[in-house]
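In what comes next, subunit A is part of two complexes: it sits with subunit B in the first one and with subunit C in the second one.
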Partner chain A sequence: MGNIDYFSFQRVAEYFPQLLSRLHITLIITVLSLVIGLLLGTLIAAVRLFNIPVLKQITTVYISFIRGVPINIQLFIVYFGLPALLNPVFLRFNIDLNMLDAFSFVVATYAFNSAAFLSVVVTAAIQGVDKGQLEGARSIGMTRGQMFMRVVFPQAFHIAIPEFGNTVISTLKDTSLAFTVGVVDMVGVISSIAARTRHSLEGYVGAAIIYFAFCIVLEKGFSALEKKLQVYK
Partner chain B sequence: MIQVRNLQKSFGSNKVLKGIDLSVEEGEVVVILGPSGSGKTTLLRCINFLEKADEGEIVIGSTQVNARHATKRQILDICRKTAMVFQSFNLFKNKTALENVAEGPVIVQKVEKQKALEYGRELLKNVGLSDKYDAYPSELSGGQQQRVGIARALALHPEVILFDEPTSALDPELVGEVLGVIKKIAKKGITMIIVTHEMSFAQDVANRVVFMDEGVIVEQGTPQEIFLDAKEERTKQFLKRITPEYTYQI
Partner chain C sequence: MKAKKLVTALVLIGVLSSVLAGCGTKDKTTSGSNQPAVTAASDKKGTDTAKVEKIRVAVANDFNPYAYLDEKGDYIGYEVDVLKKVDELLPQYEFEYQTVADQFVALTSNKVDLISHQWESNPERQKTYLFGKEIVTTWAAYIITKDGAEKLQTYKELEGKTVATFQGSNDAYQLETYNKEHNNAIKLEYNSGDFSVILSKLESGAVDAFLLPLSYLPSIEEGYKVKLQRSDEPSYYSGTYFIYRRDDADETALQEAVDGVLKTLHEDGTLEKLSTQWLGADYTVEPEDQK
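Entry: the complex of A and B
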């Protein structure tokens, strides 16, 4: 009876390139969903800031739903529920949502998810701009548009950086659940390595290193950006 | 020329302005005095529509606006004919001193950028900040920020500059530098309406002093008339409280 071989650093090194080869999937999901999420989140923020009746109540429910439901449940609801719900409409345009691959649903889920969080970030940032700044802008005769572009947006941007950074990092980590609907990202590749070699721990350790490294870099990057703009705080 | 007719403004059930009539000639420096809560600041803010008055008319140069029916365009027009110096400065935090001064001319008045910057430097030099062009507001003292605020107002060549307690938020030792700058520009014949608690400054700089209390103009006249020979009891009481008859020396 030999020792059971649970773990070896050699295998971590061996699997590492395989993990890295799927890193782009993780990053694409993260970036795409954040871009869509930011657009959608800004719209939601506008609804909230302009106090648009009915829509505002809907966004309140939406945000609390997203906040209150685990991300993997959201993922399954979008993956299984969205085609069932929307297909009758889309089929009229000859689009069958069931033909879309898992990747699209994953991006949709994370986009919906980050939209909720980012809408809160954007709302808070814009409300965080000192009222006196607006009065200053009005006093020199700026239009509302000029006021927003020249004064509100740059300052709100600065206010938003730390929280935006947090959302980016948590979205990046949340994408590790994408494999549950069959997307072969870094985590997805671990399962196939495990099936082949019966070793999965090394894969997870490797993935941990990659996620961790990315998050550290993002964190440092955002705080450097914040510091760079600090001058006018 | 600026005219305010029957201006009225309430906040909830609190009537802050109860029908103000005021007219200011071109080049005139009008100082508004009065106890806190008398509506001085509200009057100033209603003139440039930072607050929308409930009733009354405002005329600035060729623009005549009924406060109740003011359109967006008219309000913008009024904003562009006036400039304001705020108690809390309200400089744009994301812009340097020079950018603050040039912002109005470049963005609002579409002056060529180089020209606006050049003029901005000149204005900052005039208020004694020739070494602070590139400083952000956070890097400046209150007195310096307020002087940038004054330069920002001047850069617009407004028909009137409204000063809303420009020294009230300053440390005592910084008040002098700001008042000095205001005095200097008063001599250039720029129309100004100033709300202040600095009595000797008011006496010095004003062509006319307006005393307000409880939302009405109680009395107005030359500094001499008001400070030395007030007709109304309320004015006398106020001035007595503000300028003590005796000074104690130890």
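Entry: the complex of A and C
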């Protein structure tokens, strides 16, 4: 029995195109979850900012649940639990949630997840705008809509950027667990490559390079954006 | 006013993206299957116009040589080919292949209708699931040791040695059952991931042996370029089956139809041909005849 040929850079290069061919799935999951998550998160933030009773307590529980439960557990709960919970209702409308594929459940999970984190970001950003500015705006006769669009939103947007960037990056990285429910994304394809070629380490190294490159670009992008918007301060 | 427009735009984006999530990317992106796309709307009880019933079949995507993906992202392997042959002979069914997280949970929670992963039958599983009656493969499992090391022949000889196994596998079940009666005499080391980990532990001496079906040995030796030795006699015999949901009339009908076709495929030599092609020999004969 000779030495097992564990690792070669040549194979990293060889498998790289196969990883890239699945990169779009990773990115689609990230973008869809963030868009839906931002919408949901804004709604949650509104509930918290307007202090709506009962709903506010529900959002508090929701946010601490999402923060406290590991994402792979959340994935399994949504993937197996959501249809079990909601199917009795949906089946009345002739919709069987079990007919949806893993991809939809993955997007739903990451959307629910990022919604919690983004709602905190949005809430903090809006609360971060100085109260005096609102009084000033009111004193020159702005309507509530004008106040929001011209005074609150631009400043809140600026405050939110660094934390928003962090959420984008962590969502991107979290999608690496989507393979656990059967989605063949960039990470999922590694086990297929390993099944075919008997080598997996090279695939993981390749994926590390891609994730790392993306996160560097995102980080730089967000800090550049933040600098550019400095004018609002 | 502007705020309203913004909200409308955001809602539109949301709706569009959920529609996209629901159907656009459905088939090709997630399962990598080459089967035609099927929309969620075509559920079983809905319309009677199409007589063909869709069957959701769970297959692995990383289980060479039984079920895995080729470079194009299509399912290939012995089990995949057997299922495709079965599907061809059953016009009333159309199989769709997908990979799921936990095949047994997916089956009981109604996410799939048939599961396949070289599942062996044992009394515990029989109680919970409906097993096919026709075999997919048969097994003779041997004790594998490093080439040139002391050959280990029986569980008795494994006592005091370290044996590598995978959590939840049937060989783990076998060894655990033995251990229960023999005061945990065999040291079990649980592994995950691909086989290279176990092989390197065997090479370094961290483990002394592991169990492997004969049908799997050539592909391990060839794939990892290693030389292994096996016990003279098998340590246990086994057969693998497709599995269905229990106490479900549709599922029983499916099981009977699939079994009928499997029997034909077994008798007319199709299984033998596929087994030779994928596994290197005929692993559909009686396990006692596998040497």
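Please note the rule applied: the second predicted complex is superposed on the first by the 231 of 233 C-alpha atoms of A that agree within 3 Å, B and C clash if a C-alpha of one lies under 4 Å from a C-alpha of the other, contacts with A are read in each partner's own complex, and residues count from 1 in each chain.
One rule holds in what follows: a contact is a pair of C-beta atoms (placed from the backbone, for glycine too) under 8 Å apart; a residue touches a chain by one contact, two chains touch by 3 or more.
All values derive from a computational prediction rather than experimental measurement.
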item	value
Combined model on subunit A: subunit C and subunit B, fit or clash	fit
Degrees between the directions from subunit A toward subunit B and toward subunit C, using C-alpha centres, nearest 10	170
Partner chain(s) touched by A:Thr60 [first = subunit B, second = subunit C, both, neither]	neither
Partner with the higher number of touched subunit A residues, subunit C or subunit B	C
Which superposed partner A:Gly182 touches (first subunit B, second subunit C, both, neither)	second
Partner chain(s) touched by A:Gly141 [first = subunit B, second = subunit C, both, neither]	first
Contacts of A:Val151 with subunit B and subunit C, given as first, second, both or neither	first
Partner chain(s) touched by A:Ser192 [first = subunit B, second = subunit C, both, neither]	second
Touching partner for A:Tyr79 - first (subunit B), second (subunit C), both, neither	second
Partner chain(s) touched by A:Gln133 [first = subunit B, second = subunit C, both, neither]	first
Shortest CA-CA distance in Å separating subunit B from subunit C in the superposed model	11
Common ground on subunit A, meaning residues reached by subunit C in one complex and by subunit B in the other	none
Contacting residues of subunit A [partner subunit C, same complex]	1-6, 18, 24-25, 28, 32, 35-36, 38-39, 42, 76, 79-80, 83-84, 94-96, 98-104, 107, 145, 148-149, 180-184, 188-189, 191-192, 194-200
Subunit C residues within the subunit A interface of the complex	1-3, 10-11, 13-14, 17-18, 20-22, 25-27, 29-32, 40, 43, 45-46, 61-64, 68-71, 73, 98-101, 105-106, 109-111, 146-148, 193-196, 199-200, 202-203, 223-228
Touching residues (chain side subunit B, partner subunit A) in the complex	48-50, 76, 79-80, 82-84, 86, 88-95, 103-104, 107-109, 136-139, 152-153, 156
Contact footprint of subunit B on subunit A as seen in their complex	130, 132-133, 135-143, 146, 150-151, 154-155, 158, 231-233
